[in-house]
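Structure incoming, see below.
For reference, chains read A, B, C, D and E in written order, and residue numbers begin at 1 within each chain.
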Amino acid sequence: MADPVLELKGLKKSYGALTVTDDVDLAVRAGVIHAVIGPNGAGKTTLINQIGGQVTPDDGDIVLDGRAVTAMPVHARSHLGLARSFQITNILPGFSTLDNVAVAAQAHAGHSFRFFRPVARETNLRDRAMTCLETVGLTDRASIRAGALSHGEKRQLEIAMALATDPKVLLLDEPMAGTTHEETARLTETLEGLRGRYTILLVEHDMTAVFALADTISVLVYGRVIAEGKPEAIRADPEVRSAYLGEEEIL
Amino acid sequence: MTGTLFAVQVLNGLQLGVLLFLVAAGLTLVFGVMDFINLAHGVQYMLGAYLAVTFYGLTGNFFATVVLALAAALVLGLVLEMLVFRHFYDRDHLDQVLATFGVILFLNEGVRIVWGAAPLSYPGPDILDGAIPIMEGFGYPIYRIALIVAGLACALGLWLVVTRTRVGMLIRAGAANPAMLSALGVDVRRLFMIVFGFGAMLAGFAGVMAGPIFSVEPGMGDGVLILAFVVIVIGGIGSIRGAFLAALLVGLVDTLGRSFMTDIFKLFLEPSAANQVGPAIASMLIYVLMAGVLFFRPTGLFPAAGRS
Amino acid sequence: SGAAQAAEPLKVGMLLTLSGPPAVLGKHIQEGFELFVEQNGGKLGGRDVELIVVDDELKPDVALTKVKELLDRDKVDFVAGIVFSNILQAVFRPVTESETFLIGANAGTSTFAGRACNKFFFSTSWQNDQIHEVMGKYAQEKGFKKVFLMAPNYQAGKDSINGFKRYYEGEVVDEVYTKLGNLDFSAELAKIAASKPDALFTFMPGGMGVNLVRQFNQAGLSDSVTFLSAFTVDGTTLPATKDAALGLFSSSQWTPDLDNAANKQFVAAYEAKYGSLPSLYSSQGYDAAQLIDSGVAAVGGDLSDKDAVIAALEKADFASVRGDFSYNNNHFPIQDFYLVKAVKRDDGAYHTTVVEKVFDDYGDVYAKDCRMN
Amino acid sequence: MTAPLLEVEDLTAGYGSVPVLFGMTLKVHAGEVVTLMGRNGMGKTTTIRAVMGLLPPTGGRVLIAGQDMCGRPAHEIARCGLGLVPEGRQIFPTLTVEENLVATAANRRGSGAPCWGLPEVLDLFPRLGERRRQMGGSLSGGEQQMLAVGRALMTNPRLLILDEATEGLAPLIREEIWRVLATLKSEGQAILVIDKNVSALLALADRHTVVEKGHVVWEGDTTAFRADGAVIERYLHV
Amino acid sequence: MSENLTRGWVIAAVLLLAFAALPPLAEATGHSYLTVVASRVMIYAIAALSLDLILGYGAMVSFGHAAFIGIGAYAVGISAEHGLWEGTLTFPLAMAAAGLFALVTGAISLRTRGVYFIMITLAFGQMAYYTASSLSAYGGDDGLTIWGRSELFASPLLENEWSFYFFVLACLSLCWWFASRVVGSRFGRVIAGVRENRARMAAIGFDPYRHQLVAYVISGMIAGLAGALLANHSEFVSPAYMSWQRSGDLIIMVVLGGMGTLYGAVLGAVAYLALEDVLAGFTEHWRVIFGPLLILIVLYARGGIARAFRGEGRDG
């Protein structure tokens, strides 16, 4: 079995009396799609925020590719190959859709202390951005101000920005939320195509997508991992059903 | 001896703090809670004092003056709201800065045309005349005690309204997301108008109360405005409690700095050098305080919860 | 061309601080100046006057642009006014270098009285230190043993304390420099009370002075500490301090009730025109106009021979409202200085009145450094 | 027959100079549940915003209980009994959970009808009860969504408008919401709903409206919808 | 974007040509003092330009920007006081001093955002102001008269009003050109991105703090240059150059002109100072006109004067 690229060891985070991440151990192997599911407020986003660096854990370690990144600033983690999407849309509203993605590409194509050359002439950034927009199906919105996109389109842009940094590990926080059925299906396909190339940590409430994509599923409830395993096993787990899945039909 | 002086200065610092809060109260509401950068707060304070000069001239009675000046400040505040402020609620902060700066220019000059450039004044009420002796030959004016009471009352009242009443909730909600609030059936425009009118009244009230100890002159609000912003920012924008504590802190630091900074420098500097450095440092002390606070706590001492 | 020039109006540019709290000072100078021009039939030295009043906003670089406009665009013959020394500092060089006459009606910086004096510059006020020296001398003569000194923390404030100390030899219990624009003096007053001086000497112009006087009074310090001041209790602050200032001392070269014919008619005319008593500043503005009038008249309205004009101005051939007035070698007046105090007139108006003459025909100490060229 | 609760006729609106709605037409009768369906960016949310008065319509009519409210300010429209769960939650971050709920609470349903109050909402979403004193902005995405739904319910609207109200909710809660909507419907509550979960919509709603590029391209009841496979294929790509 | 850029270039060219044509025109029409007025306007335009770089493009509202001007001015004044008149030394010195101050204060200030940033920069501005006021050796509050202008390669070239004017014009053109390159560069895009959404920029791999700090220092240095020019223009320096009102004036120039366009800053400086000058000529109470005028401009010319050149309103 391959070494994990991303490993959480005894991660803890509390807000006052509320423990949101309660001693979480998690290992994500290279090239897999690892889903984290759990009820609302279970601590999934907080977990991703700690991996991404937006939130500092109280205790525990985060190891990326063998390096402890627990205390590393956000941007430095990004340079180690960590990219993410946000559950609550987080884009550059005043930039064009294309520039949103291009600036993400720029972050990983040499340094940005270049004061003279017009960035608009850097066609490689543009091309890379266009490819990513194509992947999520936003090419015809490329020149629109990102703030003027519809909600669903912004969600798609989120993914494109994450992809543009050409990451090793992709953290996706509810990428399917807010997109229509068609887009969900398309995104599922896209992620399927990325399998093996990227390591993906997927947080999602759309069970159709989760069970179609995940190689491994961890179930988080009240900040603790209560179950982990192959999709079939999780689906059958009565505890998971009662805490989270309910009786909803899964296609 | 020095012990007594120190105690007196601490007292002076606290009273200056309460006074600062009184002056900053209206701005705490309009800028802190409602999130509207109102640079005109200072001139509204000034207007309160000038109105009081006029009403005192007419009535010769302090309490009648307070009531009349408050009413007039409210009316003028509402007029300003209708003519200027309401058009800028949904604009960005810098547009608000520019527009309210226009109001400053207009009112400062207007006051000069109407009341002249010379400093004016009116006395406090007779029943608050006199001083309580606290040191030999030095008394604490009773009027100042009344000011402290007024400041404390403002602080408490404001805190209750903002944190404990539905109106307070609506103001905070409106500041964060006016469109959504109106979609839930609240007339945000009217709400803001009321808040603004109230803020104008508070500013005017501070002006009226300040008149008997400070001179009433054009531009008297400009320095006060900056102080009020300093207080709010140190306290953490949006927090009444923060603004109050920050006002006390600023009052204390400023007073103690003015009183003892030069003496402290004299301990290890030539007297003439100490007289150079001491007052310079004392003048900038509140700014040093603000920079220091923001360095360690970039959103002030007690930032309002949920605000980034 | 002299005759042709004399037919044209005389252009006087007045550079004054007319905005912000100190605007009142500028306003009074302007009113005094305009009053004389009006009384004189709109003429100075026999020529019609075109008066251009500009506001320096108390910003040196604004003053500088404004003064360049006066010089280059309006081609004024005189620049008059100037309330604050930093403004004088900023405009002194361009005005004098363009060989335009500069009549200072208030600011009296030591630099321009001493080593940097200039033949084109004439003051109708005083050299800064003199006013403070009056108080120092008085305190010394009165035998005050302990004096507390307080002034705003800027150059003029420091000069005032130095001026005071030039004549005062007793103990200075403390020297406090307050922030410019200070509002609340509780802390300073407590310090004063704690050090139990015989007298307080202070220089607190404008609104600061109003605040200090009222708070001094409210704290009950007036009973135990003699209040000596400069530019603190005067015609611009008395309407605001009212009773609180009564009996407090100040120093001045002029008061509204000074007993001379020129002053009597000046005060009466001023009250008639503006409805209030003139202040020290109005008197200086008035004298500035008189000075120009006398100088221009002496050369028959022809300003082409600058040296002749200077010579005429140096004579100070006019009846100053302050009585004795002659020019020192540095173009600052030699005049009398008084200890004055605030009183209330029968009709309720407040003004200063002479208590005693402290200096007679007094020149300033910097004059010896002046090498006029 | 009484006038429909909401009637939208030939509504046009846009952002700046870019038109988005080209003659939207829509009707919701009292007690009826109607859906708006369509792909991303087709104008569903824009329709809601124009109806609510959050976006000034450039033409057309919006009748609420027979009264033309087109172009009126949002709060007047809301007071006619429209309760909105907006896209993207839009809860008030500086208010606590409880304050978010009670600040705008009202009864817009007219007298008699059962009332949503704080206890009822906390009962529906026990999680909100646990987070009662927490600031709205620090809630998890799903919790915010519950709060937005609760907040709209507490205005006791005559017409409840849900714009992607189940986004980000866990399957269990999603089921709960659909169950509650069904109960509400049975009590006569009118609902206008946008959601990606087509099967749930089909089970709940009486009528469906399919939007494409700012106007309605199909309208009909669930039976017709199920029957008309082409529509689904063409406009929704399910 | 590119359309925007060309428009910028056209407006820049027109404005600079107008500036270049001014001295001969002024001379010909007998208004030679206009040259002096206009060089002051250009100096403020440089300062406004530097502020726009961080305020307009980076949403860093510096309320202590006048301190940089003051420091630049004092660098020249103090050098002159000690006999150093060589502009090729004092100008870089002024820029370095202002840049250093920007580096130190920026490093602290940039920990904060929004209104907090406004206020902490104000605090540093005030500290600089009070420090200058207490420099008794250099005139303290009264300021310091500089008895002449900087030399350029030991020649008194700048003493001549025209050559000084064109020297300022050259500085303005150079700063403008430099700034316009910066905002279009990779670096400029990062600065703008951080303005839009700091957290997102960090998440995609940029260090917002470092980029902002560099921008802040660049801006401070340009403002320092403006200060050095101002000292030469007035042949006088004073703490008043650093007062918070001055910083406020600069912000107003930028907002009035239109943020984030560069040419807006220049237009703003011209409009603000010209308006002030013209209105003050009408009446001593010009502020009662200027105030409402300002309000009307913000109300109806959304996005400042620059927006008028684009003929569109601002959305949402």
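Just a few scattered comments:
The criterion applied here is as follows: a contact is a pair of C-beta atoms (placed from the backbone, for glycine too) under 8 Å apart; a residue touches a chain by one contact, two chains touch by 3 or more.
Since the model is a prediction, treat every value here as computed from it, not as a measurement.
Among the remaining chains, those touching chain A and also chain B are D, E. Graph distance from chain C to chain D, where chains that touch are one step apart, equals 2. When the C-beta pairs in contact are tallied for A-E and for B-C, the bigger tally goes to B-C.
Chain geometry summary: the mean Cα position of chain B and that of chain D are 44 Å apart. Averaged Cα coordinates give chain A a centre that lies 29 Å from the centre of chain D.
As a whole-number value, the distance joining the C-alpha centres of chain D and chain E reads 51 Å.
One finds 74 Å separating the Cα centroids of chain A and chain C. Those residues of chain C in touch with two or more other chains are numbered 18-19, 153, 180.
Touching of two or more other chains is recorded for residues 108-109, 112, 279-280, 283 of chain B. Chain E has residues 133-134, 136, 287, 316 in contact with two or more other chains. For chain B in complex with chain C, the residues that touch the partner chain are 1, 4-5, 8-9, 12-13, 15-16, 19, 108-109, 112, 116-121, 123, 131, 133, 135-141, 143-144, 212-220, 223-224, 255-256, 258-259, 262, 275, 278-280, 282-283.
Chain A makes touch with chain D in their complex at residues 15, 38-42, 44-46, 87-89, 141, 148-153, 156, 174, 177-185, 205, 207, 243-248. Those residues of chain C that touch chain B in the complex are listed here as 18-21, 23-24, 26-27, 153, 175-181, 183-184, 186-194, 196, 206-207, 210-211, 214-215, 218-221, 223-225, 236-237, 239-242. Chain C contributes residues 18-19, 53-55, 58-61, 64-65, 68-69, 71-73, 85-86, 89-90, 92-94, 109, 153-156, 158, 180 to its touches with chain E in the complex. Residues of chain E that touch chain B in their complex: 61, 108-109, 111-116, 119-120, 122-124, 126-127, 130-131, 133-134, 136, 244, 248, 251-252, 255-256, 259, 285-288, 290-295, 297-299, 302.
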